[in-house]
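Okay, structure first, notes after.
When the chains are written out, they are named A, B, C, D and E in that same order, and each has its own residue count from 1.
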Amino acid sequence: MVRPFLALIGRDLRLAFRGGIGSLVSVVFFIIAVTLFPLGVGPSLDLLERIAPGVLWVCALLAAMLSLDRMFHDDHEDGTLEQIALGVLPLQFVALAKAIAHWLTTGLPLVLAAPVLAVLLNLSTKGFVILIVSLLLGTPILSLIGSIGAALTIGLRRGGVLISLLVLPLYVPVLIFGVGAVEGAIYGFGERAHLLILAGGLIVALVLAPFAAAAALRLSQE
Amino acid sequence: MTPTPDEAATKAAPRRARGLHAFANPARFMRLARAIFPFSAVIAATTLIAGVVLGLAVAPPDYQQGDAYRIIFVHVPAASLAMIIYVILALAGAAALIWKHPLADLIGRASAPVGASFTFINLLTGSLWGQPMWGTWWVWDTRLTSMLILFFVYLGYIALHSAFEDPTKGARAAAILALVGVVNLPIIHFSVDWWNTLHQPATIMKLDRPSIDPSMMAPLFLMFVGFIAYYVLMLTIRVRSDIIARRIRNLRLAQSAN
Amino acid sequence: MAASPHQFDHPARLEARALGCVRGGRAVFQALDFVLDAGGALLLHGPNGTGKSSLLRILAGLLRPAGGRVLWNGAAIRDAVDDYCSQLHYVGHLDALKPLMTPRETLGFFAATRGEVALADEALERLGVAGLADTPGRYLSAGQKRRVALARLIASPAKLWLLDEPTVMLDLDATARLEALMGEHRAAGGLVIVATHTALALPGAARLDLAQFRPTAARRAIDGAGAALSFEDETW
Amino acid sequence: MVRPFLALIGRDLRLAFRGGIGSLVSVVFFIIAVTLFPLGVGPSLDLLERIAPGVLWVCALLAAMLSLDRMFHDDHEDGTLEQIALGVLPLQFVALAKAIAHWLTTGLPLVLAAPVLAVLLNLSTKGFVILIVSLLLGTPILSLIGSIGAALTIGLRRGGVLISLLVLPLYVPVLIFGVGAVEGAIYGFGERAHLLILAGGLIVALVLAPFAAAAALRLSQE
Amino acid sequence: MAASPHQFDHPARLEARALGCVRGGRAVFQALDFVLDAGGALLLHGPNGTGKSSLLRILAGLLRPAGGRVLWNGAAIRDAVDDYCSQLHYVGHLDALKPLMTPRETLGFFAATRGEVALADEALERLGVAGLADTPGRYLSAGQKRRVALARLIASPAKLWLLDEPTVMLDLDATARLEALMGEHRAAGGLVIVATHTALALPGAARLDLAQFRPTAARRAIDGAGAALSFEDETW
């Protein structure tokens, strides 16, 4: 069971690497979106500093959301998904492997790019570490919840938006606690509670999301 | 080939569910719906008219807000219905997934637009009310925000349902979503509550709760009953028309085969 | 005839009992029965749209029948899907090849999802595309892709082969290779079910004409209407 | 020449309508992104009012950008594009028709949704009309420029990011003048100049973009 | 044999002169010549990967040859692409069908892109799928899709038909219909070029074995290296 699981993750990573810059969809989007803000909102440093945690987290969330429709799409189109379904790996592990690969190729790069962008937005240095930690805890939740939305919309033309609409309400709590942690650190009213909730959410999502996604996958093959 | 009932389901299903399966028979459901239809129509019409009359003409103006408060007679029942219908949606989703109850699909499909409309009515009346009361159409208050998110949840449900050409598949997918969403609703509520209280204190003057006068309570209650009757009415109409539409569609497909 | 790379010792039997299929709300076939024993082959034929592909997907467990059962060694496949899946190979219309992955990697990956190690070189050799083992999928012609898809049959063992129009895009050489492979597979105790419109040498194969199981127009309408409230077209 | 041109637009619109809510990709994304901001930045009305023009324009721009990779993708995948290329319509008109259909299904809905979202973000009422006008002038430019990027990345896996990178530099001026117009109206230092520049940009894009896109289409054909 | 819906009065001639093709940096064929006159048919055959599909795309103007020219009525097609395109029909591997569009709409749309009005009903009738005219593409079986794709040939007139493995997925009935259509088209003064691996009745057709134009291994390497910097492989 472990070998097929790792094979699936490994293949997704390999394809992502071969895809060249194309596989960096989310980070590139993240960077673009964040850099547009100073252009749109104006260069005032105070203002930027105040909105920095929110802008960073919202953009991270949008970036994670955008690549979701690719999670199962190609594999479904070219028949790979039905072959995987015929393999020995139970569908919830297929979903889990996909979510992990998604996080490694989108969430993790986001986390790595965040510090640079935080400087760009003049984020208070007190928030730096917590920003990273909150992203580290939050982005995997986004990938896991996202795998449900992606599985539900397999085979639908233009599933992309639908996914956004489906996962958005589920992303809101992550956003609120993520930003809450960073602001808590900056304004000094504490970040622990928020981070603990994020960690708890991650565990719950790890346990439950693959089952929901598996149910959706089962539905997806015509 | 008559469609055999799902074997696994019949084997695993508890007795009650098998009882419910009786209604899966479209003909029986159609009879039931026909019976309910006039009742709900009459109740909806009378209570809504009475509620409007009482609310607009009989109930006294509020000593603080004047007549603007009358919007409450739509605003609050709409909010209740919006939430009640989501619970029904989730229950229908569970019934569809666990007991594979076909009627549950149709109920979910028929309920969602009604729930979404009530949510929208609540949002709309609230923001119309907010303009005179708060001086702005919208604030990012906890209750408002979670209501907005509920509206998105409804939209997602409807969109997912209609995205599938094959109605049964759409129903199953939507049922999964409804169940996932139900886990999420309390979380949203809770997190949104927390979000607002932790940040800067609310800049908006909060409305004092009007002590409810019986003359205000009566129309409120009537409107509430009227909304529920209206929902039942819509449910029966939509489920019936769904069944008929599917029959027609299948007949047409079958004919186009040769 | 070279020896098959895989030998199957225990006898196997696949049965379809009163299978019915509804797609898009329309009954496609009904009351379909067959029995296939180890070493046997079944050739599905019939006009376009009579349900050959649908039947193969049902047999692969990818599509749920509207009625009836599929039995593998006497047990309904729905009760032991995972075990059953690992004993079959399904090659459908889609080649399941990635533009960025080479045939060798592809075969390795699919064998891994079945918990096995791929005999990639041997498999590609048998299909006559050993020279393309390291050419990314995007550089392959239609027939070359098809050959790689068929190489999955050899790369990891499975008793039951379900092939949907396998000869499509294949040239004469590749068709002959496929015929040889099917012969060896049957000789080794495997089962083969093929849907095809073209001539294919399958000595002693049973033939099933899907057109014979077509519901009458009247029945179809009734079934379709009834199925609206049942679970037509459910899957997995 | 007119009939094939209208047939192309008509078909795209029809497919969009049939796609149900899925065809509203951009508006839904726009709405989602805009609603996420108050959740991230906090509910303070002052702050929202100050960043509203920027947030609205950045989100509109991202929304328009996101649906670009769909412009030619489906038609390329299923072989429709090669049939269209074999038709009588010169490629620059194919590109123009695609850009128009793209605007009608993405830009126009954005413009229609903007007022509601402006209310949510507490945009000053003085900026309302100008926001609409600037979007009406700006979003067609985004579609036209976008058609070049989309044509350049036809057939590339994950062309999405590449498109973003290609069109972004050209989108930035639109953003700057769009926001400039709205802020000019709100803070009273005038919006005419900005709007005129946008209008000029639109004319230039209408004339030149189809040729560039056609060249890109031809390049990918040969 | 029913009369073709379209008649072509002016004679036409298609010539290939010293055509060469390089794909993915590798030379596929070279020095390929043929002449085809009105009423004639050319059957392309040869093993997988010898360049049949590539040749057809070159003839359709969708792929640029690495060398040589294609002449239509004596003029190089590159000089009058638009005019040439409107005189040909290309049916490739892809069916160009949308899941959400019906066959009638699809045919209407493609005819419109050619500036014409589709004979949709007649075309679907001729391919035996008149009953599916209003069924969305997603409900069609593989062979039904293929039939709709082939209906494009009838829905609007074109002198030159370029067909890439048209019989794939077709049943016997549909193959016979296609053969009849090709016969009528030729009788009416049309030209047909078909790449196929299956038997196809094309009386009096010239045959071209692509394998004969394969460059030698040495040549292939040289050509490939030279072509690496050119615009190989840009396709639609």
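FYI, contacts are C-beta pairs under 8 Å (C-beta built on N, C-alpha and C of every residue); 3 or more make two chains touch, one makes a residue touch a chain.
From a predicted model like this one, the values you see are computed outputs, not experimental measurements.
Chemist: Could you tell me the least number of steps, going only between chains that touch, from chain B to chain D?
Modeler: 1
Chemist: Can you identify which chains form the pair with the largest number of contacting C-beta pairs?
Modeler: Result: the chain pair A-D has the most contacts.
Chemist: Among the chains, which one keeps its Cα centre farthest from the Cα centre of chain B?
Modeler: E
Chemist: From the centre of chain A, which chain's CA centre is farthest?
Modeler: Relative to chain A, the chain with the farthest C-alpha centre is E.
Chemist: CA centre of chain B versus CA centre of chain E: separation in Å?
Modeler: Each chain reduced to its C-alpha mean, chain B and chain E end up 55 Å apart.
Chemist: How far is the middle of chain A from the middle of chain D, if each middle is the mean of its Cα atoms, in Å?
Modeler: Whole-Å distance between the two chain centres: 25.
Chemist: Using mean C-alpha positions as chain centres, tell me how far chain B is from chain C in Å, no decimals.
Modeler: Chain B and chain C have C-alpha centres separated by 46 Å.
Chemist: Scan chain B for residues touching two or more other chains and write them down.
Modeler: Within chain B, the residues that touch at least two other chains are 152, 155, 159, 163, 165, 169, 172, 195, 199, 253, 257-258.
Chemist: Multi-chain contacts only, two chains or more: what residues does chain D have there?
Modeler: 19, 21-22, 32, 39, 42, 74, 157
Chemist: Could you say which residues in chain C touch two or more other chains, in rising order?
Modeler: Chain C, residues with two or more chain partners: 24, 93, 100, 233-234.
Chemist: Which residues of chain D touch chain A once you look at their complex with the stated criterion?
Modeler: Residue list for chain D touching chain A: 19, 21-25, 28-29, 32-33, 36-37, 39-42, 47, 50-51, 53-55, 57-58, 61-62, 66, 70, 74, 156-162, 164-165, 168, 172, 175-176, 179, 183.
Chemist: Contact residues on chain D for chain B in the complex?
Modeler: Listed in rising order, the residues of chain D that touch chain B are 20-22, 32, 35, 38-39, 42-46, 48, 119-120, 122.
Chemist: Name, in rising order, each residue of chain B that touches chain A in their complex.
Modeler: By the definition above, chain B touches chain A via 97, 149-150, 152-153, 155-156, 159-160, 163-164, 169, 172-173, 176-177, 179-181, 183-184, 187-188, 191-192, 194-195, 198-199.
Chemist: Inside the complex, what are the residues of chain C that reach chain A?
Modeler: Residues of chain C touching chain A: 57, 60-63, 82, 85-86, 88, 90, 92-98, 100-101, 105, 109-110, 112-115, 152, 233-236.
Chemist: Can you list the chain B residues touching chain D in their complex?
Modeler: Residues of chain B touching chain D: 127, 136-141, 145, 148, 152, 155, 158-159, 162-163, 195-196, 199-200, 202-204.
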